[in-house]
Amino acid sequence: MRDIGVGIIGTGFMGKAHAFAYRAVSGIFPVSLRPVLRMVADNNPDARRAAHRQLGFERETADWTVLVRDPGLEIVSITTPNVVHREMALAAIAAGKHVHCEKPIAPSAADAHAMMMAAEAKAVRTQVGYNYIKNPLLVLARDMIAAGELGEITGFRGIHAEDYMASPDVPYSWRVDPSGGGGAVADLGSHIVGMARFLLGPIASVNADLETIVKTRPVAPGASERRKVKVDDIARLTVRFARGCGGQIEANWVATGRTMDLGFELYGTKGSLAFTQERLNELLFYRAGGPKGLKGFQKIEAGPEHYPYGLFCVAPGHQLGFNDLKTIEVADFLDAIAGGEPKGPDFREAWEIQKVIDTAIRSSRERRWLDIA
Amino acid sequence: MRDIGVGIIGTGFMGKAHAFAYRAVSGIFPVSLRPVLRMVADNNPDARRAAHRQLGFERETADWTVLVRDPGLEIVSITTPNVVHREMALAAIAAGKHVHCEKPIAPSAADAHAMMMAAEAKAVRTQVGYNYIKNPLLVLARDMIAAGELGEITGFRGIHAEDYMASPDVPYSWRVDPSGGGGAVADLGSHIVGMARFLLGPIASVNADLETIVKTRPVAPGASERRKVKVDDIARLTVRFARGCGGQIEANWVATGRTMDLGFELYGTKGSLAFTQERLNELLFYRAGGPKGLKGFQKIEAGPEHYPYGLFCVAPGHQLGFNDLKTIEVADFLDAIAGGEPKGPDFREAWEIQKVIDTAIRSSRERRWLDIA
Amino acid sequence: MRDIGVGIIGTGFMGKAHAFAYRAVSGIFPVSLRPVLRMVADNNPDARRAAHRQLGFERETADWTVLVRDPGLEIVSITTPNVVHREMALAAIAAGKHVHCEKPIAPSAADAHAMMMAAEAKAVRTQVGYNYIKNPLLVLARDMIAAGELGEITGFRGIHAEDYMASPDVPYSWRVDPSGGGGAVADLGSHIVGMARFLLGPIASVNADLETIVKTRPVAPGASERRKVKVDDIARLTVRFARGCGGQIEANWVATGRTMDLGFELYGTKGSLAFTQERLNELLFYRAGGPKGLKGFQKIEAGPEHYPYGLFCVAPGHQLGFNDLKTIEVADFLDAIAGGEPKGPDFREAWEIQKVIDTAIRSSRERRWLDIA
Amino acid sequence: MRDIGVGIIGTGFMGKAHAFAYRAVSGIFPVSLRPVLRMVADNNPDARRAAHRQLGFERETADWTVLVRDPGLEIVSITTPNVVHREMALAAIAAGKHVHCEKPIAPSAADAHAMMMAAEAKAVRTQVGYNYIKNPLLVLARDMIAAGELGEITGFRGIHAEDYMASPDVPYSWRVDPSGGGGAVADLGSHIVGMARFLLGPIASVNADLETIVKTRPVAPGASERRKVKVDDIARLTVRFARGCGGQIEANWVATGRTMDLGFELYGTKGSLAFTQERLNELLFYRAGGPKGLKGFQKIEAGPEHYPYGLFCVAPGHQLGFNDLKTIEVADFLDAIAGGEPKGPDFREAWEIQKVIDTAIRSSRERRWLDIA
C-alpha cells in the first residue's frame, strides 16, 4: 500500500463527505493506495481553516489553482458549485491529476464533453459523485437485471424528491442561477437519471415538463428584495430507454416533507424491484411464479453477501449510512487509479447523464419529444 | 324508509360487488330507500342462476332489455364490459331508471357524452363505479386540500398498477379489444385520473406515452393461436391541472407483483399527502413548520372521525375493506335519488374523466401535448 | 337454502357487527341456511328501536327472555357485557337455540364451563366472537405451522394493545367492573391468547404481571366523583405452550396511540411469520435457507388463493375489512349448524381461553408460575 | 487538538468497528483529542497482521499484556470475548489506561463490579460498547421522556432478536460457553436492557424464563461430535422499573430471519414512541390529544436537528449507519477523557446492566420474581 496525495476544493456538505471518505477508505477496503489529505482549498478563510484543522489536511489554500498544480497531489477532488467544475477540472487534468468531481459534472453537456475529452486525452482517471448507486443493493439490482432474473424489463418509475428549496425564504444562490444549468432537473434529476442508466442502460429519448414553483427568491438570506428564478423546481420526464422500455422520472426539490425520496419501481416479465434511499438498506423483490398463495414482495436486507457491505460490518442488518456510500465511491476510484477495472461513473458517463438533462430542458421548452443526441 | 327495486346486469366481479353493496347498505346507512334486489340479467345461464340463488335476486333473465324495462325497478346497475354500457344505459334512461354504471363509463368520450346528455334530459340520477374515492380518508384528503391545509398544491404523482394482464397467457378478451376504447389507460387509468380530479379538480392538458407490452394474446384460454393486441398495457401521462400544478400519472396492468397499487403523492406549500390503496385505511400527512426535530409524515388511521367509517364500526383502526367502499358508493347514490346533494361521480364526471383518457390516447399517437377539449 | 331465524341481544358495537354479518353472509357464502333477522332485544328503547328499523329486524323487545324463548328463532346471538352472558346463554340453550356469544365468553372459567356443559348436553352449536382468527391469512399461518413449513416452533411474541381506556376521563363501566372478570387481560387478552392457541395449540403454564394504570375513574361521564378501579389495564404474560415452546403476550388497553395492535411474531427452525391486525391483509413470511443474498421477509397479500377471500372479491389485494371477518365467523357457524365440521371457536374453546385468563389473574396475584388446570 | 494513543485488543467484528471509529472520529467531531492507532493485539498472527496493515496500526503484538503496559497508549480498547474482559481491563486500569470495553462487560456482575471499582479507584475513564443508544434518535427519545412529553410512562416492550445462532450447525464457541455468563440474555439482552435503562432508568425487579433451543452444537465447524449447550438461546423477561412501570423484554439469537430486530414500543399517558434498529434513522412518535381526525404515529427522520447527526451530514434523511454509532461512542469517550461530562455507559452502568442479566438468569432457575440487588 503506497500513499497517494489528495487535494479537495470546497469544504461544504460534499467537501466534508469527500474528506470523510478519503480518511476512512484505507481502513475498510483492501486498497493498494492509501489516501493522504494533503491540501484543502476554499476561498472562505474560516471554512478553509476549520476544514484544515478538523479534517486533518496537511495544508490549506485560498487559491484552488495552487492546489491543482501541487506536485504532492495525485487526486483532485472538486466539490464546488457546478458552474466552476469545468475550469477546475481542466486545470487539474492539465496538471495530470486524477479528478474526482461532484455531480452534476457541469452546467451543460458541452462542458461535460470538454472535460471528458481532456481527461481521456490525458489518460487520467475520473470519478463523479453519484454515490447512491454505490449501494451494494443497487449493484445487486443491476446484476439481477443483467442476469435476466426479472425477465424483460417493461417499465421504470423513478423519483428524486427533497424539500430543501420548498420554502420561498430560501435565498437566491448558485443552485438557482441559470449559469449552473438546470435547477432540480440537474441537482436531483441527475441522480435519478444516473440511477436509471446504471440499472437499465441508455435513455434514447425524453419528453419533459419543467416548472418553477417559487418564482422569486430573496437576494440574500432575510432580504426583502427578491430576484426572479429562471430554473425549474420540478421536472417531470417521460423517457424511452434504448433497450425498449419506457418510464417516468421526477426531480423535485420543493417536495414538502421529503428529505431523501430517491427511488424507483421497476417491472419485468419475471419479477420486479422497488427501492427508496429513505430505506437504503432494503431492496424489495418480487419473483413471478412463486408458490400459490405465498407470493409477495420480499424485503432483502443489506448484508455481507452484498459486496462490499461485509468490509464495513460482518453482520447482516447492521446498516450502511450515507457516508459509507461515499467511501465505496472512493474505493472504486482508487481501484481504478491503481489499474483496476473502472466501475464509474466517470466523466464519460457523467456526460451521458448531462445530455439527458440538457435534452430534458430543451424538450420542456419545445414541448415535444426529443432524442438524446 | 321505502323499498326501491334494483336490477343488475352482469354477474361477474362487479356484478357481485354491486349486489353485496345493495344488500348491505340499508343496514349500515340511515338511508331513506331500502334497495331490494328484484332482478339480475346475464346471458350466461349458469352464472345468472347462481347469482339469482346466491345473491338473493327475486327474478333473473337472460335478456337485459327485459330488465331495463321492468316496472318494478327504479335502479339499473350495469356491470358489463364497457363496450355495451352505452346501449344499456340509454335504454335504462329511456325507461326512466336511475343508472348505476361501472367504469370506465364507455369506450369513448363521445359515447359518455351521449349517455350524460340522455340522463340529464331525463333527469334521472346516475352513479359511476369509481369506488376507491369513496374511501373516507380520500374525502378527508380532498377536504384538507380544499380548506388550504396543504397550501398551494405544487405537484401530483399518481399510479394505478396491477398485474392481471402481465402473463402473455392471459387470453384476448373484451379488455384488450379496441372496440372498448383503451387498455390499461381506460381500465386503470380512469381510476387514477378520477382520483386526481376528485382531489385537485380538472386536468387541462396531457402528454401521454402508451405502449403495448404483450403484443399478442391467445384467442382463447390455452389456445396456441394468438391475436394481435392493439391497446396499451402501460400508459404514462404527464398532465397540467386547471388549477396550475402539474403531475405524472401511470396506468399499468402488467406491473408484475402489484395487485392494488393505486395511489398518489401530493405536495403543497404547507404540507403533503401520500396514499396507496394497498393500505387503504392509512393516509400519510406531513405538515410543514412543525416543531424542530419532531417533523415527519404522520400515519392517519381511518376511524369514526372520518365519516362514514363510524357507521361500519364505532372503533378506530378496525378497517374497512373493498366491499365497504362499494357500499358507500351505493349509499351516496341512494341519497342522491332521495333528493340529497349528489356526491358523484355521475355521468358528467365520468364523461370528464373519459375525455382525459381519450385525449391521452390521441396524445400518445400524435406524440405531443394536447388540451382536454 | 332454507331460512333460519336469528335473534340478537344487544345493539352496541358488536350487536351491529353481528347484524351486518347475518345480513351479508348468504349473499357471499354458498351457505345452505339463510339467516333472517327476526328479533332484537335491548333494554334501551331508543337503541332497540333504532336497531329494529336500521338493521331490518322483524321485531324488537325490551326483554331478552322473550327473545331466547321465541319459537321463530334457531340462533341467539349474545352481544351484551360478559357479566350477563352466562344467564342469557343458559336460557337460550335451555330453549334449544344455537348460541353465538361475544368474547370473552364469561367472567370466569367456571361460568364458561357451565355454559359449555349445558351446550354440549343439549347438543346445540355454539360460536364465540373471536373474529380476528377468521382472517384467511391466519388460517394460512395455522396451516403452514401444522404442515411443518416453519419447522419446530421456537417462540411466540403476541400483543393486543389499544388505547380506548387510556384517558382517565373514561368513566367507570361494566368494562372495569370486577364482576365481569378481568380488565384488559379479559377484553383484549382473550383475543391474543385465542390467536396463540389457534396457531400453536394449548398453553400449559403462565406467569403474569397485571397492573392498574388508571387507579380511579369517574362514576359517570364528566362526573367529578371517582371510583376505584380493581381490574388490570395492562397484563403481561409469559407462557409455555404444551408443544414445548415459550412466549410472551401483552394485553393493554391504555396503549396511547394504538387502535388495533393485535399481532404476533412467531419463530420456527425453518421460517418465521409476523402479523398485525393493523394491516390485516398482509402476512410476513420468512423462509430459512433461501438463495444467498436474496433472503428476507416476504409480504403475502390476501387474495383469492386464501379461502374464503375469493368469495368476497375475485381480485387479489383488494382487501377485506373488519366486518368481513365477522361475516366469515357467521358463515362458519351456519355451516356447523347445517352439519358441517365445526371450525370454532365454540364454547369449549372459549372455556380453554378463559382458563388461561383466570390463571393469569391468579398468577399475578400469587407472583408465580401456574399451570393451566 | 493533541494526539492520544490507542491500543485495541482483538481484531474481529468489534475490533474492526473500534478501529474504524477511532480513525474517523477526529475528522467528524470537534474533539480535543486525536486518536492515533498505536498498537493492535491478537493471538492469531494472520488476523493481527491483516489488522495491522489494513487498519493502519503502528505496531502489533501477540501479547495483550504488552499492549496494556505500552507507555505510548492512553486508551485500551478491549474487543475480545467477555470471559477475558476482566483480566484485560484490570491490567489496563492498573497501567493507568482509560478503558473502552465491549459488552457485555463481563460474565458476571461480580466481575463487572471488580472492574468498576478498580476503574473508579484509579480514576480512569471507562466506556462500554452499547453503541445503539448513541443513536441521536434515542437521545431524542430519552430527552422527550425526561421532559415529560410522553406524560407518565406506563409500559415498555423491548426486544433484541437476531438469528446468528439459529442453525444447529453453528458450532460450540465462547458465545455458548457458560464461563462467559449467559447466552442470548447476555449477548443481546444486555443491549435491550441497557436501552431500557437508558430511556427509563433502573429496573427494580425481574421475572425471567430462559430456554435453550439448540441443545447441542458441533464441537467445531462441520464436526459430527456435538457438545451440550448450557446457556440460553431465548430469554423472556418481565420487569418492573424503579419509576413504577412494567415491561416485557425478549432476547433471542435463534429468531429465524431477524438480523437486527432491536427495538421497543413505549407508552405514556401523553404519547408513545416506537423504534427498531432495523430502521435506525426513524423514530415513531404519537402525541395524544392531536386534532380530531388527524391523529397518528409520526415518523421522525434523523437529521441535523438531532445532534450529532449534523456533524456527519448537513442534510436530513441521508442516514447514519452502524459504524457511525460507534464513532459517536468514541467521541463521547474522548470527550469524557478530555474532562467533559461522561455520557456513558461506563463500567458502573455496565455493572448495573449486568446485575439485571445475572438476576434474570437466577430468576429463571428459581422460577420466581427477584429484585435487582
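Chains: A, B, C and D, in written order; residue numbering restarts at 1 for each.
Quick note on the criterion: contacts are C-beta pairs under 8 Å (C-beta built on N, C-alpha and C of every residue); 3 or more make two chains touch, one makes a residue touch a chain.
This structure is a prediction, so every number in the text was calculated from the model and none was measured.
S.K.: State which chains count as neighbours of subunit A and simultaneously of subunit B.
M.R.: Touches both subunit A and subunit B: C, D.
S.K.: Which pair wins on C-beta contacts, A-C or A-D?
M.R.: Most contacts of the two pairs: A-D.
S.K.: Would you mind pulling out the distance in Å between where the CA atoms of subunit C average out and where those of subunit D do?
M.R.: 41
S.K.: Could you tell me the distance, in whole angstrom, between the mean C-alpha positions of subunit A and subunit C?
M.R.: Here subunit A and subunit C have centroids separated by 53 Å.
S.K.: Where the centres are mean C-alpha positions, what is the separation of subunit A from subunit D, in Å?
M.R.: Here the centre of subunit D sits 35 Å away from the centre of subunit A.
S.K.: Could you say which residues in subunit B touch two or more other chains, in rising order?
M.R.: 258, 295-297, 301, 303
S.K.: Could you please specify the touching residues of subunit C with respect to subunit B in the complex?
M.R.: Residue positions touching the partner: 1, 12-13, 16-17, 19-20, 23-24, 26-28, 30, 34, 53-56, 162, 164, 258-260, 278-280, 301, 303, 312-324.
S.K.: Considering the complex alone, what residue numbers of subunit C touch subunit D?
M.R.: Contacts found on subunit C: 154-155, 157, 159, 161, 166, 168, 207, 209, 211, 213, 233-234, 236, 238, 240, 246-248, 250, 252, 254-258, 265, 267-272, 286, 288, 295-297, 367-369.
S.K.: Residue numbers of subunit D touching subunit B in their complex, please.
M.R.: 140, 285, 292-301, 303, 305-306
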